[in-house]
Each structure stands twice: as structure tokens, then as C-alpha cells.
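In the two complexes below, chain A is the common chain; its partner is chain B in one and chain C in the other.
Take a look at the complex of A and B:
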């Protein structure tokens, strides 16, 4: 191996590839970044078996085609600290091929290689494209759903660690839940070729989102492989493992007959909730909302033995059409309000034991809030 | 007295009360036709184990932890019953109420056993020696059950005293008599001396507490490490652990040791399911919710694995606890070629059940009504009378 390439190209490629670098000590080979030289292209590849990144950069190849695997973390650090120069060269140590010399400006690194034969096989891009999404919208969808999942390290219920993506009727529905609250976002798809549904772990989607934001393309193509989805754009492929679990039937838990509407100024409600949460009981985070037909305000209060109590009135747009007293975990409402952008939101309620629904409302809905919906179950207090 | 006046020693009076053949005695209490007959309470399934045998049954050689099948061979005419925990708890609470009239310092060790500190009660109620007679008397008259009580200067000796004259025993060990009582007893009467330690002591020529007392501290520490120090102290009747006040339970769990190791996954899973539901039943009984589910698996070589997971929100749903317990078993416990000798399921991070985050996908109302109906039937007819079908998988997703 012997090639020269633009420093910026390699830095960019290594950075993207680093999102899929393995860290598990049980498979040290996955900490490697694989480089395939084929004529005048260098393909960079990383995987931790849950996700993979593949990208290509142009090079000036001065020898034959070859594959090497280098320590990815070391390469990432080098890429972040290269000296001023616009070119970089990599050359196999002629003696036995177990080391690579990387040169940039006056800096010279001697890097040991990892055994290529140990590196897992690279899955080829499947032939069928099933959809194309708008990157910007996809990004907002992820932002408004990922937060409602459970961390994979904290649960055994895999379905609750992911965002369910339903490609249907020319739109992509993204749904997530931890079993007590649910976030839903519907975005218009650029194109749906084949209707389908996939569940992908939130951590993987976060990495996908970061990779997409670095590339800056307007759209991303989605291909379906076996047990994985391929997201391709601008010569970069991100492979995401899908979760082979059934996602709960979310449509059935979205309230459709909540008639008591409480329209709030989003930021006013958010800051009230953050204050009232201070004195909520630690275990439940429970805060009580009280609405009557007497005033166009909702009283929110909380109390706990050790922290004290707090109460506050928050204005609602209109006098409620009914009275209710309902308890929620403050954090669940705060999570949702923080991820919305519109000036006004409406909390739709029915009874104290049934789910509440939050959606942006008012004359002007922020474009970022198009198709967003949040469902939250209340807390029940009994004697 | 050699003590200087400023160091007058308060005489500590700790009592230990142990209900005699508790489960069986309650059954005999509630059903007069069982009285004076061999009653055996325990698991009635093919792998059931005896929980408690009445004294009549013990004369046939039936003892607790014995496989039911063996008990039935020894005592074919016995009355075999499934335990009714909720009833035992009721009685246990009544016993506890009697004790708390004399002292607030009560440590309930288990459903049929408690320590209580009478040191401060003497000024109000008279000598501790008389209080324990009154306690025994009231339990016998008001509840209709017998118990064995020990009174001594510390917990270790009190427990030992209560064991000396079972059933219906009353043994007082005064400070002066400690060595006289302890010396002739076999070493296994000491706290923490199980079969393994007993065998090792015996191989060192130590079989009575006197033998142990005369061994030097150096020798015991060399042979047993830190626990050698404890043995040295206990052999002298020294124990300074305090009566632990009743506090909120930190966890609730159920475990079961099998007379024969289990190998088949279905069998192991079915035990996990059952223990999960029993744990949930107890949670509901105590009006608590738990946030962490834990399973414990002990293999035939005694290697023990515990795995736990957080539920996100607290629950007392048997369905949910079962689902998580099975997840832990399937995802985090390697069931290799080894047999399983013990399985436990428990929940911790408990809180009061009055505040409950409702779930989106499980119909809590329906679920709670169903599980409470099971609780009521179990309370009346014994656990295991009603059980969920095993086809049901809990949680919000299917497990396969």
C-alpha cells in the first residue's frame, strides 16, 4: 500500500468512521478501522456489529490494491491533531506489512496493523431501495422521539430501547415509548418504495443522526438488508442493526376522545413545571394539575414530606369546559415540552386515570413541530 | 461487685420468641379436625418441599426442607396442605401486637420469629422473666398457639435459649449461667456454624462449645480467618449485635431450593414465573411497589448468579415482574450443562403503593382486579390453588 490523499478528505472519512468503532474488549479487532485501496479510491469501514459506517475518499494510489486494518481510536486522534499541510501519505512498511507509515508535513507515525483476516465481513448494499427521507425532517423526528426511550443498558425490554419507524402512505412515522409515555412524530417521506416497519435502538439512531448531519446532504436513501437497514447518502453508508422485537401497538394507546382541552403558553407551563417539580416526591415526581370551570387557569402543585410544597397558577387560553384533577410525573411532561418549539401547546385530557395527550396548537405551529404528538399516562394516588 | 460505681452495668434483657411448628399449628388451629394429627404444610407439586411439619408429623421423621414425596412415604396418613401465607401473616401480626405492648423494640426476623429488647421495660412492667411468661400466656390464650421463648443478655444467647426446650419452651440464660449452659452443647448450636464448619471443627477435634472455647484465638483465626474471631466470641456467649428495629423492608423475595437439581429450561422458567407471582402477591399484600427486579440462580456446584434490572417505574404487577424476571433469566443467565439447585426472584427499591405511575400498555385496572382476585382465593384456599395460565407473557412485547 502506498498512496497520497488530501488531508481534509482523510480527516473527514476517519471522523465519520469513528462513529461505528467497536469498544468491546471481547472483540479487539472491532476497534480497528479497515482501509481498502482499490485503484484510486480508499474505502474506510468500521463496525461494532450493531452499526457500521462505510465511506470512500479519492486517493492517488502508487501501488496495487490492498487492505489494512489500523487502530481506529489512534487514527481518530491523529486525524484530530495533524499538522498544517494539505496532503497525507500512507505506505505499508515494506519489510513484512505489519506496520504502516503515515506522514503529514513533518509528522511521521509508525502504526502497527491488525490482522485483516480477523475483520468481520462487510455486508454489501442490498439491491432494493425502500424509501428516501428528507435528512432535516428525519433529524427533527429523531430529536423528538429518541428522548422517550429507555437506555439499552438499563432494561431488558429491547422494544423500549428503540424508535419504531413506520414507512407507510408516503410518510415516515417515528414512535418511541418507555411503557408510560410515548412520543410520536410523522414526517413526509421524499419517497416510499416499499411500505415497512423497523425498530432501531436509540443509541444507534443518535450516531446515524450525527453522521448525517456531518454529510449535509438533503436526502438519505434507505435500503433493507437482513436484520439491518442501510442509510446511504453522499457516498457514505450507515448500517443500523434492527431490533427483532415487536413494537407495542402504539396506535391503540393514543387517546382519540379526550375532549377537555387546556391550551398553555408552552414556555410558561414548562417553567412552572420545573419549579413545582422541586417539591415533588422523589420516587414518583408527582405533581397535581387542577382545572375548574371557574377560571381560565390551571393550578399545579406538589408536596413531599421532606421537601415541602409548592403551588402555582398557570393561565390557560380559555375557561376549561370541564373540571379535572390529574396527577402526572413532572419529568414526563417537562421532557415533551422541552422538545417542542411552538409558542402554544394543548394538553388534552379525559379522566384522571386515562392518558393525556400533548400537541402543539394555536394559530402558528412551528414548522419543526409538524406531526408531533406526545402521550403520557397519569399517576394514580390511592389510600 | 468489682465494678466501680460510675460504671454500673445495665443488665441487658433480650428475648427471642419462636412460634412452634407455626404453619402446621395455624392449620390445626383453624381446622379442629386436624388437631393431634400429623399435619404437613408445604409445596404439593411433584417437587414440593415440606415447609413445616406438626410435632405429630415429626414423630414420623418428617422434617422441614424434606421433599414432599419422602414425607408421604414416611407418613402416608398425614394431612398435606399448601401454605396460606396471608393467614400466617395475620396471626404473626397478632403475636407482634402482644409483644409491642411490652416493648417498642421488636425485630421480626421472619413470619414466626422475633427478637425483642426488654431492658427498658422492666421499670414499667416488672422483671423481664415475668414479662415473657405473660407474653407466652397471652399468645396461648388469646390466639391459641404455643411458642418457645428464650431470655438472655444478648441476641445470640436468646435465640439459643429459645431452641433448647421446644415446643412450648421457656429458657432463661442469666449472665452467671452462660458458660454452664453453652459448654456441653454441640458447636452447630452456634450462629453461623453450618454443616461445613461443623465438619471442619470436628476434624480439628472440636465438637462441643467447650472445645471451641478452650481453643486459642490465634488457632481459630489461623483456621477460619475472620470468622474464627466470631467463633471465639460466640463460644463465650459474647454478642453485641442490637435488636434491629422493624423498618420498611428493603426488598421482597421468594426463593426455592430443589430436592433434585433442575435441568430443563421449561421447568426452570416455570419456577421463575411462579416465584415472580408470589413476590407480586406479597408486594400487594404489604401495599408496596418495587422498582428493581432481581433473580438469583444457584447451580449444582453452588456457584450463584444474581442479575437485576430496573423497571423504570415501580410496580406490583405479577405479569410485569414475571416478564422482567424471565428476560433476566433468558438474556443474562447462562444455563449451560449445569443443574440448577436454587432459584430466587425478588424486587427492591420499594415504595408505598398509594402512588402509582400508570402504564400505557397494560390495563392496570383489569390486571389489578385479576391479581387481587387470585390473592383473595389464595388467601382462602392456599397458594397454588389458582394460577395464571403459562401461555401468558407479560410486559409490552412478546418475548420471542
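Take a look at the complex of A and C:
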């Protein structure tokens, strides 16, 4: 191996690849970053078996095609601290290929290689593209759903740790739930070739989102592999392992018959909830909302033995058409309101035992909030 | 005529004894007779947990009038004739004392018609006085009705459990026999309630589905092994399907359901490292071996056996289990290893053994910033986490080691108990009710304990057939519990409810202790520093921060003096 490339290209490639570097001590080879040199292209590849990143950069190849695996963490650190110079060269050092010399300006690193034959097989990009999404919209979709997943490192409820992506009717629906609340975002797809549904762990999607944001392409193509989804854009492929579990039937939990609409100024409601949560019991965070037909306001209160009580009136756009007293975990409402952008939202309710639904409302809905919807189950204290 | 009196010497050699201890032992003997008579379907009716009535109707071979008269006499059996037969017992019953023992302590009525015969006969027996046989009407087969068990032994009757407890025992007997004989149809009614309807099953897996639910059956892994003349077949559970006790483990030796410590131990050893302690696999394991390789005549209720060569059985079972448990069914690399791989808490200080990479550089930076943000509310400053299990805390007096699981358990326990005592446990409703599947006997207990559960904030709807829907859960524990699932917890609660009759006044608290334990942060859970500090601060606000509801210590303290002494500073 002997090639020269632009420093910025390699730094960019290594940075993207580092998002899928393995850290599993039982499989040290996954801490490696695999480099395939083929004519004048260098392919960088990393995987931790749950996700993989593959990207290509142009190089000036001065020898034959070859593959080496270098310690990815070391390479990442080097990439972050290279001296001022445009170019970087890598060259196999020892005759048996067990070390690589990396040179940039006056800096010279001698890097041991890892055994190529131990590196897991790389799945090829499947032949058929199933969809193309707009990267910006996809990003907002992830932002408005990932938060509602179950954030447990050790859970048996895998379906609750992921975001379900439904590609159907020229749109992509993203749904997530922790079993008590649910976030749903529908975005228009640039193209759906094949309708399908996939569940991917939130942590993997967060990394995918970061990788996509660095590439800066407008769209991303999606390919379906076996137990994996391939996201490809701008010469970079991100492979995400899918969760082989059925996602709950979310359509059935979205309340359809809401009799009571409470339209709030979103930020006013958010700040009230944040204040009232202070005196709610620590673990439950239960707050009570009371609406009557007498005033165009909702009273929100909380109390706990050790922290005291609080109550506040929040204006609603119109006098409620019915009365209700309903209890929610404040955090669940706050989570949703924080991730919306519109000036006005409506909380739809029917009875104190049925789910509440939040959606942006009013004359002007922020474009970032198009297709967003949030469902939250209430708390019950007595029968 | 098939039934005859055993020769007295032979009768003495049989390890007899008190076989009828409770309705379940009577039911077991009668059911075994029905199975030995090659019945295809067996219907059991109970009233009052079997204390008032146990009625078993079968469509087996039946008896003629002579057999009918003899069958209620002591040591009358069709199943063995001479001593050598004891070495190769292929039938469930063999001692010829069961019906006689029952007849001595209850009112017994038997109607039977022999297959191929036109006539049915009836005998009745009360406290050993036999009447009949007299002609009666019946399709081929036998009906045995046992009424008012122990009516002439009031002292014994007093020691019987409640109808629910006695039913529980009978149900377990039915359950075990039906798993041992999938080809025989079983129905069980308790009063007006149809508890089990298990039509003749094509195979063991179908029968397991009838007993434990189709979903459970679908998850089970088959085992099969033949080694040294011993054949092992059956089903065991994967690691994610576990139980809180051994009740759902059945060993069936040549068709006879038995309890055997050695076999249980082999099973437990095979799951070591796969299941945490306190969790047990579900297993239905059939062991077929030559009749002379096993002695069934060692236990009065015939629930234990003795193997001629236990080592061979052990080898065969161990091989069968290790084959299935080491296969790829058990640990899929994606699901099995993901948890240890990547802490999901974005703020958790990365474990130091991880190699550095760009992401790590970012997360370490975050952790540093995080440390600055951590608000210390008490005079205890958390330094960090030890082995993902203990929190190290600096105090003005020295330092403390806090067990994070027990600390969290105690906090949750105190808070939920306070709500419970005020009768206002706040419950978070589930977006989608969670399905819980229980075997029939557990389901019955859960139904009976519904009110107790509602008091602690668990709202379950019975869906029939052992299926429940969990709709609401105490909000204090709801987020914690959902990550661990509810099935194993509900099973644990069932066993608590089973014992609960004796400790009624403390049942609520003891249930809360289990709920708190199940939802609390586990040993091994990596926590962000902020959460570690919050946990310790909270612990200091509760009433009893030093011991948990089970009496285990939460905090271990080392004083500054002690430290100074250790380092010879004084």
C-alpha cells in the first residue's frame, strides 16, 4: 500500500467512520478501521455489528490494490491533531505488511495493522432502492420522535427502544413510544419505491442523524438488506441493524374522538408546566389540569407532602366546551412541547381516563411541526 | 375379572402409607386410575376446592361388577400380581390402596361399564361400608365421585386449606398429568367455572399451548437426545421467558410426572449464567428409559422415583440441555450483546477501559462539564460508581459505599407505601395494555388477589384463558418497570399471593416491596453522575435510609479515623 490523499478528505472520512467504531472488548477487531484501496479510491469502513459506516475518498494510488485494518481510535485521534499540511501519505512499512507509515508534514506515525482476515464480512449495498427521503425533514422527524423512546441500557422491551419507520403512501411515518406516551411524525418522502416498515434503535438513529448532518446532502437513499437498512448519500453509506420485533399497533392508540379542545400558547403552557412541576412529587411528577365552562383558562396545580403546592391559570384560546379534571405526568407534556416549534398547540381530551393528544394548531403552523402528533396517557389517582 | 386381592406378604412389602392427605391426593389417585384405564378424555368436576366433591368421568376400559366390588377394598389392584411385577411397573397406580384409602375417609360412589359390555354397575361406600354393585346406567368408562372428604376425620378436615388453596393443588395435579399425557383430553371445572379445556392434543407442544398459552409455546425450544438407552424429549424456555419459581418445571419419567431434586439441579445448572439467580426456566421434560432402570415404589404418593443409574440419566439430560442452550437460539449476537456495548445514557462517563475515539472525546468532555453541573443537595458528594453497582460517597465524617439497587428500592418502597397507606396510589395508564399469560392455577390466584393488587396500584383485566391485560401501574414505578417487562414480576406476585393468606395484614407492604425491588435500578446499571448524586440525595430524605424492606444494609460507612488508622496516619 502506498498512497497520497488530501488531508481534509481523510480527516472527514475517518471522522464519519468513527461513528460506527466498535468498542466491544470481546471482539477487538471491531476497534479497527478497515481501508480498502482500489485503483484511485480509498474505502473506509467501520462497524460495531449494530451499525456500519462506509465512505470513499479519492487518493493518488502509487501501488497495487490492498486492504489494511488500523486501530480506529488511534487513527481518529491522529486525524484530530494533524499538523498544517494539505496532504497525507500512507505506506505499508514492513515487508509482511504488519505496519503502516502515516506521514503528514513533518509528523510521522508508525502504526501497527490488525489482521484483515478477522474483520467481519462487509455486506454489499443491496441492488434495489426502496425510498429516498429529504435529509432535513428526516432530521426533524428523528428529533421529534427519538426522545419518546425508552432510554434503558438493559431492557427486554426492544420495540420501545426504537423508532418505527413506516414507508407508505409517499410518506415516511416515524413513531416511538415508551409504553405510556407516543410521538408520531409524518414527513413527505421524496420517493417511495417499495412500501415497508422498519424498527431501528434510537441510539443508532442518533448516530445516523449525526453522520447525515455532516455530509450536507439534500436527500438520502434507503436500501433494504437482510436485517439491515442502508442509508446512502454523497458517497457515504450508513448501515443500521433493524430490530426484529413488531412495533405496537400505534394507529389504535391515537385517540380519534376528542370532544374537548384546549388551545394554548405553547410557550406559556410549557413554562407553566415547568413551574408547577417543581412541587409535584419527584418520581410521579403528576400535575392536575382543570378546565371548566366558566372561564377561558385552565388551572394547573400540583402538590406533594415535602415540597408544597402550586397552582397557575393558563389562558386557552376559547372557553372550553366541557369541564374536565385530568392528571398527567408533567414531564411527558413538557417533553413534547419542547420539541414543537409552533406558537399555538391544542391539547385534545375526551375523559379523564382517556389519552390526551397534542398537535400544533392555529393559523400558522411552523413548517418544522408539519405532521407532528403526540399522545399521552393520563394518571389515575382514585376510581 | 381383573381385580384380585394381593397376597398379604406382597401387600406388606409395598411401601404404603398415608396416601390421602388432601383433596389433591385423592384426585391424583383417581386420575391415575383413569389414565391407566386408557381413557381418551377425562372430565373433572370440583366443588369447594374438591372438599365437597371430586368427580372424575372417563371413557376408559371400565370395570365389570366383580371388579367394581373389589376396587374399593384394600390392596385390590389389576396392575400387579406378583412381587416381580414391582420391578417393571408401567402403570401409574400399582398398590391397590388408593380407592380403599379414599373410601375410608369419604363417601364414594363409582359407576362403571366395561368396554364391550352392555351393563353398567354402581357401588357406594361410606366410611368403609360397601353397598352394591347394583345395575346402573352409563356409557363405557368409569365415574368416580368423592364427596365430603374427611367427613369422619374432623381433625384432618380442619387442617385443609381454603377452597382456593385446595383447588390450587388439584389444578397442579391436573396440569402435570395433562402435560404428561398430551393425547388424553382433559377438562376441569371448579363449581360453575370452566378452568381448563384441553382437548386431545396432537403433540406435547400443542398441549403446552393449551396450558401455558400459545405465545409461550411458540417461544419454547425443543430438546431431544438419546444416550445409553435413555431418551430425553420435551421443551425448555429461552432466557427471555423465565419464571419466578420452579412450579412450571415438569419431569415426566416413563409418563409419570415426578419431582426430583437431582433433575431440578441439572436443569438449574444448565441455565447457570443464562438466568439470574431467582429466575427459573420453564421446562417440560420427558425421560423414557427401560422400566427396570427406575424404581417408582419409593414414595407414598409416587411423586419420587429412584434411578438405577443416575449418572446415565444425568449425562443424557445434561447433553440434551447443553445442546439447545449453547445453540444460536439462545444468544443472538445483536440482541445479546448490545446492552453492554454502548451506554445509552448520553451523559454517562464512558468506562475507562474503552479505547478513545472521537465520540468518546466528546462524551468525556460532556462528563467533565456534567460534573460541574451536578448539584449536591446533601452533605454527601458522590465520587463515582464502582463496578456499576455501588456508589462511592464522600461525607464530612469519612466515606460511604451505597448499594444503588437497594438504595433505590428503599426510596421507592417508602414513597409507594406512603401513597398506599393514604389509599391513593397514583397509577400511570399504559398506552397499550400489556398482555400477561399465566397458567390456569396462577390465573385463579391472580383473579382472587385482584383487590389486593388494585390497592397497590396494579390494574389488570382478566381476558380469559389465563390471559390478563395490564392497564395501569403505579406511576412511581411505571418508567422503571417497563424496561424490565411485567411477566416475571406478575408471576412473582402470584407466588406471594399464594402465601398471602397467612400474612394478610402485611400483604400490601410485602407486595410493594416486590414491586419496588423489580422497578429499582439494577446492580450493573451504569448511571450518569448526576443520577448517582440524585439517588444519594433522595436516600437521605427518606425515613429509613440504612436498611431495605428485606432487611439488607444499604450503606457501608468508613470513618476518617478508620482511614487514618489504615494508612497509619495516627
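In this section, the second predicted complex is superposed on the first by the 378 of 383 C-alpha atoms of A that agree within 3 Å, B and C clash if a C-alpha of one lies under 4 Å from a C-alpha of the other, contacts with A are read in each partner's own complex, and residues count from 1 in each chain.
Definition applied: contacts are C-beta pairs under 8 Å (C-beta built on N, C-alpha and C of every residue); 3 or more make two chains touch, one makes a residue touch a chain.
These numbers come from a predicted model, not from an experiment.
Undergrad: Check chain A with both chain B and chain C modelled on it and let me know: fit or clash.
TA: clash
Undergrad: Using the touch definition from the top, say if A:164 reaches chain B (first), chain C (second), both or neither.
TA: neither
Undergrad: Mind working out whether A:36 is in touch with chain B, chain C, both or neither, as first, second, both or neither?
TA: neither
Undergrad: Based on the superposed arrangement, let me know which partner A:50 touches: chain B (first), chain C (second), both, or neither?
TA: Once the two structures are laid over each other on A, A:50 reaches chain C alone.
Undergrad: Of the two partners chain B and chain C, indicate the one touching more residues belonging to chain A.
TA: Greater contact footprint in residues on chain A: C.
Undergrad: After superposition on the shared chain, which partner residues are touched by A:209: those of chain B (first), chain C (second), both, or neither?
TA: neither
Undergrad: According to the stated criteria, A:71 is in contact with first (chain B), second (chain C), both, or neither; which is it?
TA: The answer is second: A:71 touches chain C but not chain B.
Undergrad: A:221 in the overlay: touching chain B, chain C, both, or neither? Say first, second, both or neither.
TA: After superposing on A, A:221 lies clear of both chain B and chain C.
Undergrad: Given the touch rule stated above, what does A:247 touch, chain B (first), chain C (second), both, or neither?
TA: Only chain B; A:247 stays clear of chain C.
Undergrad: After lining up the shared chain so the two structures overlap, which partner does A:359 touch, if you call chain B first and chain C second: first, second, both or neither?
TA: In the superposition, A:359 contacts neither chain B nor chain C.
Undergrad: Considering only the listed stretches 7-15, 223-231 or 259-267 of chain C, which one runs into chain B in the superposition?
TA: Only 259-267 shows clashing C-alpha atoms.
Undergrad: What residues on chain A does chain C touch that chain B touches too?
TA: Residues 150, 154-158, 160, 177-182, 248-249, 253, 281, 283-284, 286, 329, 353, 355, 375, 377-382, which sit in both footprints.
Undergrad: Note which residues of chain B are touching chain A in the complex, please.
TA: Chain B residues touching chain A: 291, 309-310, 312-314, 323-324, 327-328, 331-332, 351, 353-361, 364-365, 395-398.
Undergrad: Which part of chain A faces chain C closely enough to touch in the complex?
TA: Contact set of chain A toward chain C: 15, 18-19, 21, 23-26, 31, 48-50, 71-74, 76-77, 80, 150-158, 160-161, 177-182, 201-203, 227, 241, 248-249, 252-253, 281-284, 286, 305-306, 327, 329, 353, 355, 375, 377-382.
Undergrad: Note which residues of chain C are touching chain A in the complex, please.
TA: 240, 333-335, 337-345, 353-361, 412, 415, 418, 423-432, 434, 472, 475-476, 478-479, 482-485, 522, 524-526, 538, 541
Undergrad: Write out the stretch or stretches of chain A touching chain B in their complex.
TA: 150, 154-160, 177-182, 245-249, 253, 281, 283-284, 286, 329, 353, 355, 375, 377-383
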